[in-house]
């Protein structure tokens, strides 16, 4: 029953050769793109209000559903151009999913600002259950599948008769992710919005006193996080072709792990963490039992945290005494 | 063998670097048993860092910190983890920005400070779970000890209130009481008079002299209030930029030109900086 | 709200507000409620259900408007109600506690008690016990544990495997299962000692998943997803509750007619005893140095160290003791069901237990009972809701949290008073 949202594709090779290595690298990068995009949402929200937005994985799931529905609607309307369809669906999915992200914050988190630390966490877990079951009731529990839309496969010769195959979709995913992350980093670094965000992160009360609209800044953070998750959701719909209401849970946990691995609160950390987990997941089955892949992911997390308690790129917490 | 026992704390060549910042460089001083030794210096001079090295919260980059108990037992503090320094070497401190157990009652704060003795008495919880008389007696003793310090600090009426709900001056006193309940040989106070008004500061100086006399303990005192320092300390160490620029009895320090230029030279500016610095 | 605002209801603002909410609701509903994907032979087709969008918007409009009106007219009394609820004096809480215990003991003998009810209460009591156990870790020591169910699973599998392979009885396995869970608690505790707050949360969550994945895949030992069946049922001093057994049976020994209800009642009393043991232990240890050290660690770890407490032992003891109660509850679960599989130990269980602790008001033993009844009991009674059950469950979690962010009963009692007798009960700590 528990479908992993992001499953291993391709065969399990017995040993490592250069082509297998490169193949898994490409697969791992693709996977890392998903995790990185979702992890950004976790890390941003954590950075700004210090809470674990447990419902974020389900926001990703909603993004995937909206995208799937969008594709089916467009095909009934009769839009044949694939790039146009993808573009329209991307915008639709980002918009509607952002509405969900905004609403979740407004309903379940904002009233709890300033409450004991665990109150928003429980509220978020409850919201995650609500979203999952809402989609299950509204769309049915069965997995939904979509015929492949983006075709195109490139076979790259890596010498000695070995080939690595890269699909057009993988290229799109990686390019889109890199572009989004770059744009997004720019927003945080150099726009008034980013400045407001960083100010709120440092000290919400002070920021409010200095004229930052804290509520709006936090809302926008949720909206951005949800739109990025929607992009991941749309890509998952295209890449895997099967989704169900449960995909948000596993993907959410993994992405959250990625955010923590990279150092929660750090944007480059989230990307790095996503990449690390994507690579681990794609290389693990080459050597070991696929069934224990999740053990490897969490094992890596624990191992990293033992040596770097604040993650790979997290600011080491100075114990100012 | 009276000579080694007269020196309580010997700090040799203490250096502490944080990345590129050298917070303390090659600091050496001694504190005699039964003395109140003051460490003074402008903001950022490295005073709190000295405490942190002494109490094991920071691992010094270089240096030797030797503590000798009355019975001749020696401790090399730089090699011990923080909790063992408090538990075995009996060096107990307070914090510049008060660290109480805010969600617990005043009395509980004082009982927690006697954790080590009580844990032993409760037979590592077994005798306590069985509610044996051994433990009940130990707990009663702990409460009596707490009551003594509550009375002394004028906190008896607030004993069952949340520590976090006390006014600032009470919190400072509670932190000292809590440290005393832990049974220190050397008590390290980080700016105990910060945020107190004149009357409270006067009471504090009386109190410190009093507990030193009655409990035969030694005090290491960081303080910006010069009047207080000059009044009660036996020995003063002046730090500037992590180095000791002068040490000696208060009268000598007060007259030292280096100190005056580094620290006491600009009274008004200092006064402003001090009120800001003691958050 | 300023007093002037209350003179004339700002109806216009309310209407505008509600309309806005309705628009948002419609936006949310359009893609997921308004359109339904239908599986057909040829692929996915769509089923447009736009009226649903209108219903949703209308419902939100009405709900929002009613809420603001209620908030406007009832605000003072409403607020008083929520504030006055926890202001019960200390003694009355203790009395309530004992009344609850008495009620729990007598309940199976009441005329309205039937098998089904007792069965459900047994389930609730498992969660009460788990809540009380987790409260040691989360409420007292302040260590956020999102993988508590792992210890529950370890207890369950420990009992199932020990009894299967070594033929050990439930009563011997029970402490062993607790011990085993405690060992795992220490094993988890070690690597995470240096971690703080939310880093700890994800690591414990990961630990829970690791245990589940291992249970799921270690076919040779755990029989994988099929789980372990035919787990030995418990006996009362060797008396079996089966119709016929190798040894003496309960019915035979007392010369009464056999009834399957006997076992149900026995299990009920067993978990009641286990749960009471948990809460008595928790309440006593809170008043001991160990428990005070947990709370002190939650308040300020650095201050703890400056007073000579070793944070390692303090944390590990909290992890170990909290875990051991989950282990006990786990072996009870195994013996009650007679069957266990990894499916019973998913994250949602950890989340439920944590929600019980937080909703109960961390540290309040009675609050945890209330929260367990609300979160576990009510959904059980609303089984008819079937597919809406979990939706209601999640919604209830959010709503209760919004209603009482501090938890249902959240006041902390000091563990010791300076002069216990003269101090008027409950009036001391604000």
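The letters A, B and C name the chains in turn, as written, and every chain counts its residues from 1.
Operating definition for what follows: a contact is a pair of C-beta atoms (placed from the backbone, for glycine too) under 8 Å apart; a residue touches a chain by one contact, two chains touch by 3 or more.
Note that this is a predicted model, so its numbers are computed, not measured.
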item: Pairwise touch network: line, ring, star, complete, or other; value: complete
item: Middle chain, criterion being Cα centroid separation; value: C
item: Separation of mean Cα positions, chain C and chain B [Å, integer]; value: 44
item: Inter-centroid spacing, chain B versus chain A (mean Cα positions, whole Å); value: 49
item: Centre-to-centre distance between chain C and chain A (centres being mean Cα positions), rounded to whole Å; value: 30
item: For chain A, residues that touch 2 or more chains besides their own; value: 319, 321
item: Residue list for chain B, restricted to those that touch at least two other chains; value: 57, 95
item: Chain C residues counted as touching two or more neighbouring chains; value: 302
item: In the complex with chain A, residue positions of chain C that touch it; value: 24, 27-28, 30-33, 35-37, 39, 43-46, 138, 144, 191-192, 194-199, 201-203, 205-207, 209-210, 213-214, 216-217, 302, 346-348, 351, 354-355, 358-359, 362, 387-388, 390-391, 393-398, 401-402, 405-407
item: Residues on chain A engaged by chain B in the complex (per definition of touch); value: 319, 321
item: Chain A partner contacts - residues on chain B that touch it in the complex; value: 48, 52, 57-58, 95
item: Residues of chain C defined as touching chain B within the complex; value: 281, 284-285, 287-290, 292-293, 295-296, 298-300, 302-311, 412, 414-418, 423, 428-430
item: Sites on chain A touched by chain C in the complex; value: 2, 46, 52, 62, 65-66, 68-70, 72-73, 76, 92, 96, 99-100, 102-103, 107-108, 111-112, 115-123, 125-130, 132-140, 142, 144-147, 249, 253, 256-257, 260, 264, 289, 291-292, 294-295, 297-299, 301-302, 305-306, 309-311, 317, 319, 321
